[in-house]
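Both complexes below contain chain A, partnered by chain B and then by chain C.
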Partner chain A sequence: MRGMWIFSQKEMLELVRSYKLAWIPVVFIILGIMQPLTTYYMPEILKASGNVPPALLESYEMPGAAATMAQALGQYGTMGLLVLVLAGMNSLSGERYSGTAELVLVRPVSMISIVFAKWVAQLILLAVCLGFGAAVAAYYTGQLIGDLSWMLVIFATGIYGLWLLCIQSLTLLFSAFLRGPVAAFMALLSAAALSLLNSFLPNWLEWTPASLPAYSAQLLTEGSKSMGSALTGSLVSAGLLIILCIIGASLITGRKKLID
Partner chain B sequence: MDEINWSLLWPLLALQVLLAVIGLFSLRRTEATRGPKWLWVFILIFGNIIGSIAYFVFGRKDI
Partner chain C sequence: MPSLMQVRNLSKSYGKHLSVNNINFDIEKGHCIALLGPNGAGKTTTLRMMAGLLLPTSGSISFEGAIPGSDYRQQLGYLPQSPSFYGWMSGEEYVVFAAKLSGLGSRDAVKMAAEVLERVGLKDAARRRIAGYSGGMKQRLGLAQALVHRPRLLLLDEPVSALDPIGRREVMEMLREIREETTIIFSTHVLHDAEEICDDIILLNQGVIAEQGTLGALRSKYRIPVIRMRVEKQEQAVQWLQSIASRTFVTEGQVSGEDAVFNVSDIKEARQVIVQEAAALGIPLLHFEAGSSTLEDLFMKVVGS
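The block that comes next holds the complex of A and B.
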């Protein structure tokens, strides 16, 4: 346990020293501001772009507050996810290339404590980014478009965050045996494949973590009454996926020979 | 909606400037980057949010 605490402190220090704890939350806040703003000013933007027929401008209907908030969370699923994966891609492989792995691995420390500390750092980064980002997005949506239920926003953000955490855990797993950019590519590829499969076969795969973004949007727009047992299935499978990723990453890191 | 509500827009601009300033600060402190440093200064100042993200993801050697 003591090892895990020390490694967590080291990971937090690294988040601060590499400026990740500064620039990634700023990016999330910018994304959170931009979505409600573009929704609100969409008629102006269309008018300024010139070649939009007036009939189309007339028919533009402002999406509701809940839909706008769901779109803002959707931004975190694309741009935000990309940034988080790129930031986490070197977390295990970087230790090998920078040479710190040799220094650590010759000591009697358990692999799981190293990997778990890295995962905790990723979780803290995600919580900070999503907390600030979603709060600002909800504030702007409330100011510009309409009232939101704070409770629903918090739960919907949590559900969305779990999906992002799944992909971060996959990134950690891939970075245990692949070079950073390849690990990021594989993690994004599996995220895309999961979501794609999920949109093709929504009825069969409603229990997978990839359905979490849809549940998050549904919770915002339709309220908590419409949520069924499928959400529970998704939450459980997401938890299992994360645990498997952490265990897998620590097994691979422990076994694999170091690359020169 | 005729006039732009600046009280809602300035935080967005301020955050973009903040992002570029964090980038420039880290650029000053770091010893080596991928690609020439002057180019990253240019990208950070004129590259908007995408430029700043590009610097943090690809420019820094110790990401």
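The block that comes next holds the complex of A and C.
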């Protein structure tokens, strides 16, 4: 346990010193502002482009506050996810390939503490990014478009965050035995595959973590009464996936301590 | 009293290639042992197995007679061949981090880190980022992180090979001090380094122990009488030189052009015969030396074969 604590302190210091804890939240904040702003100014933007038929302009209907907020969270599922995966892809493989692992693993620390410390650092990074990003998005949506229930925003963000955390955990797992860029590619590929499968077979796979973004949007637009047992299934399966990733990553790191 | 570490029938193979082949040795408390051998002899693999970084294919390593496989990493200090650190940390932060990981409390870690950094001469650079350190400073930082928790056994992989002559001198002086306090095993491909500070030598070649023992014992064991000579470049003289190689008193001879080295059984007889013949035949001798072979010769022989 003490090893885990020492290692998390090191990971946090690394997040700060490498400025990851500064520029990644900035990206999330910008993404959060963009959605309500473009939604609000869409008629002006279309008018300015000049060649849009007036009938189309008249038929433009401003989406509701909840829908805008759901779209803003949706931005984090693409651009935000990409940034998070790229930021986390070297967490284990970097230590292995640069040789810093050799000096750490020779000391009495367990693999699970190292991997868990790295996972905690990823979680903190996600919490900071998503916290600031969603708060800014909700604020601008509230100012420009309409009122939002803060409780619903917090829960919906949390559900969306869990999906992002699943992909971060997968990145950690792949990073335990692949080179960083390959690990990032594999993590993004599995995220895409999970989402795609989920949209092809929504009734069969409603209990998978890939349904979490849909539940998050549903919670915002339709309220908490509409949520069924499928959400519980997704939450449980996401938790299981994360635990499996952490255990898998520590087992693999334990076996492949050094590059041959 | 059991020795500090016992290595029994240790082997490591990568696929079909046998990197370390069934080696056995003991490390006595307080000794300084050199793991000597050419590149690719299996030195790094052996040290990594001792450090617990590699699993042996077969065989066992036990620390102080404990059952093999028990965790003795707290007692170890380890310096790899080219240590890499987190460049964004300062030297002091790294040593404190290393000390804490090895089980020291926060306050102790800070105190010991300051002591050990002063000792390796990094006191002034302690607060600078490691990214800005030179190669020599990194090696000294590597030594500091290996020493900070007062390990009972220090494993050093080629600690001086990458350094310039001045850096090498400094690290050797430090090792000479450290060997008074703890047990050291270090690998090197330079015999001179081993002779300078070690008690015991383990000579490794192609994964096999070619020779091991105390420095003194090896020296006297390999003191073979030897004659070195050189003649002028004349056909007759060179022919005569080659004929010496087949005399009864020569156990092993090597003639290359006008130079020759003969291991002989009886140096008195050999000297008399050679000098007399040379005088009688009018051989133009340039150089004649009767002495004994050194560890260097043994090393070259083992490595060359």
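The definition used in the following text is that the second predicted complex is superposed on the first by the 258 of 260 C-alpha atoms of A that agree within 3 Å, B and C clash if a C-alpha of one lies under 4 Å from a C-alpha of the other, contacts with A are read in each partner's own complex, and residues count from 1 in each chain.
Operating definition for what follows: contacts are C-beta pairs under 8 Å (C-beta built on N, C-alpha and C of every residue); 3 or more make two chains touch, one makes a residue touch a chain.
All values reported here derive from a predicted model rather than from experimental measurement.
Engineer: With the two complexes overlaid on their shared chain, look at chain A and say whether chain B and chain C clash or fit.
Structural biologist: With chain A aligned, chain B clears chain C, so fit.
Engineer: Is A:Ser224 contacted by the first partner chain B, the second partner chain C, both or neither?
Structural biologist: In the superposition, A:Ser224 touches no partner, neither chain B nor chain C.
Engineer: Under the stated touch criterion, which partner chain does A:Thr78 make contact with: chain B (first), chain C (second), both, or neither?
Structural biologist: A:Thr78 contacts neither chain B nor chain C.
Engineer: Touch check for A:Pro43: first (chain B), second (chain C), both, or neither?
Structural biologist: first
Engineer: Could you tell me if A:Leu144 is touching chain B, chain C, both of them or neither one (first, second, both, neither)?
Structural biologist: In the superposed model, A:Leu144 contacts chain B only, not chain C.
Engineer: With the two complexes superposed on chain A, say which partner A:Ser199 touches: chain B (first), chain C (second), both, or neither.
Structural biologist: In the superposed model, A:Ser199 contacts neither chain B nor chain C.
Engineer: Quick test of understanding: once the structures are aligned on A, what is the angle at the Cα centre of chain A formed with chain B and chain C, as a multiple of 10 degrees?
Structural biologist: Spelled out: centre of chain A as vertex, angle of 80 degrees.
Engineer: Please indicate which partner A:Thr232 is in contact with in the superposed arrangement: first for chain B, second for chain C, both, or neither.
Structural biologist: Neither: A:Thr232 stays clear of chain B and chain C.
Engineer: Applying the touch criterion given at the start, work out whether A:Ser18 contacts chain B, chain C, both or neither, answering first, second, both or neither.
Structural biologist: Touch status of A:Ser18: both partners.
Engineer: Does chain B (first) or chain C (second) touch A:Ala87, or do both, or does neither?
Structural biologist: First partner only, chain B.
Engineer: Please give the least Cα distance, whole angstrom, that chain B and chain C reach in the superposed model.
Structural biologist: So the smallest C-alpha gap separating chain B from chain C comes to 8 Å.
Engineer: Residue overlap on chain A between the chain B contact set and the chain C contact set?
Structural biologist: 18, 98
Engineer: Over in the complex, which chain A residues touch chain B? Could you list them?
Structural biologist: Residue positions touching the partner: 18-20, 22-23, 26-27, 29-30, 33-34, 37, 40-41, 43-44, 83, 86-87, 89-90, 94, 98, 140, 143-144, 180.
Engineer: What does chain B use to touch chain A in their complex?
Structural biologist: Against chain A, chain B makes touches at 1, 4, 8-9, 11-12, 15-16, 18-19, 22-23, 26, 49, 52-53, 56-57, 60, 62-63.
Engineer: Which of the residues in chain A come into contact with chain C in the complex?
Structural biologist: Residue positions touching the partner: 2-3, 6-7, 10, 13-14, 17-18, 98-100, 102-109, 257-258, 260.
Engineer: For chain C, which residues count as touching chain A in their complex?
Structural biologist: Spelled out, the residues of chain C in touch with chain A are 14, 48, 51-54, 71, 73-74, 76, 78, 80, 82-86, 88-89, 93, 97-98, 100-103, 142, 145.
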